[in-house]
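Each remark here refers to the structure printed beneath this line.
Chains here go by letter, A, B, C and D, matching the order in which they are written, and residues are numbered from 1 within each.
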Amino acid sequence: MSGSIFGKHFTIQTFGESHGEGIGVVVDGAPAGLPLSSEDIQVYLNRRKPGNSKYATKRAESDTVEILSGIFEGKTTGTPIALLVRNTSQRSGDYSEIASYYRPGHADYTFDAKYGFRDYRGGGRSSGRETIGRVAGGAIAAKILKELGIHVLAYTRSIGPVTIDYNHFDASFISANPTAMPDETAAEKAGDFLDKCIKDTDSAGGVIECVIDHLPAGIGEPVFDKLDARLAHAIMSIGAVKAFEIGNGTEVSSRLGSANNDSFTLKDGTVTKKTNHAGGILGGISDGDQIILRAHIKPTPSIYKTQETINRKGEEISVNIKGRHDPIIVPRAVVVVETMTALTVLDLMLENMHSRMDYLKKIYPSS
Amino acid sequence: MSGSIFGKHFTIQTFGESHGEGIGVVVDGAPAGLPLSSEDIQVYLNRRKPGNSKYATKRAESDTVEILSGIFEGKTTGTPIALLVRNTSQRSGDYSEIASYYRPGHADYTFDAKYGFRDYRGGGRSSGRETIGRVAGGAIAAKILKELGIHVLAYTRSIGPVTIDYNHFDASFISANPTAMPDETAAEKAGDFLDKCIKDTDSAGGVIECVIDHLPAGIGEPVFDKLDARLAHAIMSIGAVKAFEIGNGTEVSSRLGSANNDSFTLKDGTVTKKTNHAGGILGGISDGDQIILRAHIKPTPSIYKTQETINRKGEEISVNIKGRHDPIIVPRAVVVVETMTALTVLDLMLENMHSRMDYLKKIYPSS
Amino acid sequence: MSGSIFGKHFTIQTFGESHGEGIGVVVDGAPAGLPLSSEDIQVYLNRRKPGNSKYATKRAESDTVEILSGIFEGKTTGTPIALLVRNTSQRSGDYSEIASYYRPGHADYTFDAKYGFRDYRGGGRSSGRETIGRVAGGAIAAKILKELGIHVLAYTRSIGPVTIDYNHFDASFISANPTAMPDETAAEKAGDFLDKCIKDTDSAGGVIECVIDHLPAGIGEPVFDKLDARLAHAIMSIGAVKAFEIGNGTEVSSRLGSANNDSFTLKDGTVTKKTNHAGGILGGISDGDQIILRAHIKPTPSIYKTQETINRKGEEISVNIKGRHDPIIVPRAVVVVETMTALTVLDLMLENMHSRMDYLKKIYPSS
Amino acid sequence: MSGSIFGKHFTIQTFGESHGEGIGVVVDGAPAGLPLSSEDIQVYLNRRKPGNSKYATKRAESDTVEILSGIFEGKTTGTPIALLVRNTSQRSGDYSEIASYYRPGHADYTFDAKYGFRDYRGGGRSSGRETIGRVAGGAIAAKILKELGIHVLAYTRSIGPVTIDYNHFDASFISANPTAMPDETAAEKAGDFLDKCIKDTDSAGGVIECVIDHLPAGIGEPVFDKLDARLAHAIMSIGAVKAFEIGNGTEVSSRLGSANNDSFTLKDGTVTKKTNHAGGILGGISDGDQIILRAHIKPTPSIYKTQETINRKGEEISVNIKGRHDPIIVPRAVVVVETMTALTVLDLMLENMHSRMDYLKKIYPSS
């Protein structure tokens, strides 16, 4: 296997390349009886679509999803849901140049090292277009979670040196601006920073934050399939993510225990914590509090500046990469982080349905 | 399943609780013909053993491993290797107090929320003793890697505010001091810091770094099973880890593309990179360079200070947790990070054996 | 998951329903560098296509396969290969009748029991058209096996009371006649028997046999993933198969040990057996001899005769099922048995690549 | 992996060899809150214990199970349950002879072919003692099923030429006689037949039948994880099983559709079938009727008669195998078939808990 399946109970298997016929995903494990339309999926795809903003590639793709299976009379049937997005804007141009050398920061060299050759057209399988399958599949996971009262929300926390101010947090602003930041002032500053990047033919990175609200306590498995471990796997599998944090994250390593522990308390008769340094996870299991995670994303490796590299003949050369590059991928990756998070949480919720004899008896009351 | 199996090809399944009969692991996927003795495993277990230093719990456990299966005449047979470490120092004391409330920063509450009750003796399955199974299984993975010329090395990078100086890096010093730092000066400062923590009845966290040398290029799968994603899963599944970084990690989010990209170059006829901000991974696949990862570990939640919490009756109470606590778990966790890394890398190396028709023909030359 | 993934290393995931958009499959684990064209797959699909003979449904489907991903310049890239066959001949007719009751011998009732409702158009996911995905995926497995010198061949062994005579065995005749028997005389008799079935508005069953030649010794895992156990899984997962045999199969239960054991002997310096009652498998592992298996297939449940059943309101009724039925599915299932066998064997061959340290060193010679 | 894990949700991983330290199993996926004692497991182990009857090996093993983990205060905790049975009666004798050649009908040759060498002491991992792990794990599955009102029962259907008469069926007689037949007259005849086998230094095979009562309709997945496919996998993974049947099994291939279809009808307001040729499974999913399966078991390959074989040097030789052989393994395998069936059914029941949105909402009622 080439590692294209994610999940154990609610699974997605993605396929497709940047410049092939299209990108698709087979979603399995969606319970029967969920109302589902292509529109439910399209709204998520539109959030990652190129051409949405001046900070994204100019490649014009409609990214229209077709449902190939698994839906009958507007509801899921319990069998695999296959979704296909055709590629329509692959430029037929000459790729012989890009085929001949290894772009710095890209997977060109490692694909060649692994397979002996590569589909060099637009990055092939390593292209960011691969995330279409994740987003389409994750849209279904997110819809199931919503039906269970659970909400997942991701947004840009920082771009380059600009970080949001939580006092200005406005969730409704996220989709209304090209940075996907929930803070209008920060978004403006980040915009200025990106404009400068573009002018300098350079690129920028940033941080995406994602929160899960109303997740019941008890989700996650004790040892290897801890909720945080599975989330880390999910998020770090997104290209360009180089670090992952849960709750207070990297900060905890320099804290004292007395400052880092969250005291338990009661609120309206429910167990909760006075603080949430833990990010809603204790011993790998959700504690009923808000789950908080962060993904650190590197600057887009494709830049117009001259770079040093080697070619397939093993000669050192200087290159100027042509093509249509995003100066930053963070805003478009926000929905990828959100959907990968949804997929992970739903998968572990299904797993948790097996955790108690009581649950088995609820589904199978012996007559 | 309770998430106690790790890996797809080389797998470990761990079992056991802090105060039960013992801790064990079943290792499957070890190829036949590897010379293996209990001593090979014991040297790894000894590195995580309590009682090794003044910064570890005083619980005196010999942690002696017994091989139950899978070895014949000193070599692996290709069938499951079961390893068992008996618990010998469980105190028979009264646990009714600890059973009655939820310790801050621990999994007591989340286990109860998940299962309806918990084995409260010493943390049960959520105890740090669970890592014995990982280390024992990972010792076998590390031995296989060594036979293939690949070396994994972990060490303490920082404790509280004290970080090592790479100019003083001395690998041989790691096992020779209670901080597991590779820098004598830093180790001394860290020791002073920990002494103060103990005096203050507080605890400390830190950062563990792990490097892999001589890993061939091509290891890791393109989409969900990227080498970095799988490493993140492995490392974040270790209790108390709250953040994970690969290469330049969190730093990349504020860098420019031109500064973050590593140029390819040639060295003695081999493709390499001028810098290694990527930490040896491009597109989720090893590039032949050194792999570098970091785990951020929270301060031990068990502290002697008075803390606020609630009890099982739902009453807010103040507690002083008794027992034998480590003021820091970082030094003992070093070998856990190292072995989890070894397990992950070996697993993906096995997966990669299927990546080319050439490889199939090497194993199955048709007559 | 809905059980739509087969295999551990070389996997297929199928999707689609009889009267939906189409039937597809995602094939993962094909090693990079295999020459592959849609024609390689189409020849297998053509063998199961309806309308090939008078004993098959009159539904006219071209079953043309489209490759959506995973191939570049005529070779597999090592990433998922998605294949799609569009449905073109779904009749738009009225299904309200069939929706209202449970056809005897069909999965109508059990789908309703499982999911609360069903896609009743042509059987939905339980239709025989589901096997298109298996055949398309298995065609790739068969091609890889051929490159390794291994050949899989299935044929009809019996139809109703007519069984082939091995003295008349002619492999070239299999594809040349509508029974898929390798014996011209038996094929004629079987044809007469089927003509009578059609006249009687009844249906027939039969036995498919499959042999694997030149499989090396050593394939199969010792305990749960024995070669015969995995083959049984594969073959029994084909709709309508009610029994599975390996080697002498059911006969062995009434034999004596002295008559059933196969003596080892030498032939041209190679270990072989004087007889092959075992069907080429000992202890779940191939012994280098020919693998022989049989699938017993029930008569098509859709018949034109009046039958008793109940409707969804819970009333007992008599029904005459309309539609386009095959009087026998055995000949069309031959290629399904062949491809499921190929998938299973290849999967276990990939697994076996991990069985020895020697093999690891062949792929990863340490420098 | 060496194929030692069975199941996807309720899993067992077995380990151990005939003459090693012992045989064990790790059971994962048992829901928390099930009352469980070692006695629950021991009663199953006692049914397969050698030395129970004159038709079984004289090796005297107490096969006493030790619970190593996963139980707290008499109840399952939801975490892995490790079980260990120490070997106590391994004869320390000389195995150099058996090491030097390949016993006909055994896995000696295929293990050597796979791994390059083998643990030749008593068959190592390919010994029938391996089934201890299955029976111990399956005992837990059977207990869970009982709590849900589902009963699994296996018995000997035939031994050599002697088959039971269903008119004399007496379930209580199964455990009361050394043939495990539920028919006293047949048991006597089978006993005479076995006495003759022993006298002739030969061995016998037979058929085991297993029925499942009160399994709800809806269990099994539509495509590859059909209930019958998974049962076939489970049963064919037991050493010496050479054929598997569900319902009318091999008979169906010569039947007409009109005779093979089971008409649906109502009984006390419940949907049922007038006949049960299908063995309780339609389209791979349980239909609420009794599940019926059969395993055909070959005669024990170890016989005292002189046999032809080859040795490791590649010389043809005659051998008389010494040691303690069962003249038949069928009666001891009955409990293995029963427990493997229980494991399979429970695993699919857990999977089915994900099949409907309704079920998710039962476990996660959103507040």
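Here, contacts are C-beta pairs under 8 Å (C-beta built on N, C-alpha and C of every residue); 3 or more make two chains touch, one makes a residue touch a chain.
Remember, it's a predicted structure, so these values are computed and weren't measured experimentally.
Trainee: Write down the chain pair with more C-beta contact pairs when A-D is set against A-C.
Mentor: A-C
Trainee: Relative to subunit D, which chain's C-alpha centre is the most remote?
Mentor: Here the answer is chain A, farthest from subunit D.
Trainee: Let me have the rounded angstrom distance from the C-alpha centre of subunit B over to the C-alpha centre of subunit D, please.
Mentor: 38
Trainee: For subunit A versus subunit D, what separation do you get between their C-alpha means, in angstrom?
Mentor: Distance between chain centres: 45 Å.
Trainee: Report, in whole Å, the distance between the mean C-alpha point of subunit A and the mean C-alpha point of subunit C.
Mentor: Each chain reduced to its C-alpha mean, subunit A and subunit C end up 38 Å apart.
Trainee: Of all the residues in subunit B, which ones touch at least 2 other chains?
Mentor: As it turns out, subunit B has residues touching two or more other chains at 1-2, 4-5, 9-10, 14, 29, 32-33, 78-79, 114-116, 125, 216, 222, 352, 354-356, 358.
Trainee: Please output the residues of subunit B touching subunit C within their complex, sorted ascending.
Mentor: Listed in rising order, the residues of subunit B that touch subunit C are 9-10, 29, 31-34, 76, 78-79, 144, 147-150, 214, 216, 222, 349-350, 352-364, 366-367.
Trainee: What residues of subunit A sit close enough to touch subunit B in their complex?
Mentor: Of all residues in subunit A, those touching subunit B are 1-6, 14, 102, 104-107, 109-111, 113-116, 125-126, 130, 158, 160-161, 197, 200, 202-207, 216-226, 228-237, 239, 241-250, 252-258, 260-266, 269, 271, 274, 278-279, 281-288, 296-303, 305, 307-310, 314, 316, 351-352, 354-356, 358.
Trainee: For the complex, give me every residue of subunit B touching subunit D.
Mentor: 1-2, 4-5, 8-11, 13-17, 20-22, 24, 26, 28-29, 32-33, 66-70, 72, 75, 77-82, 84, 114-119, 121, 124-125
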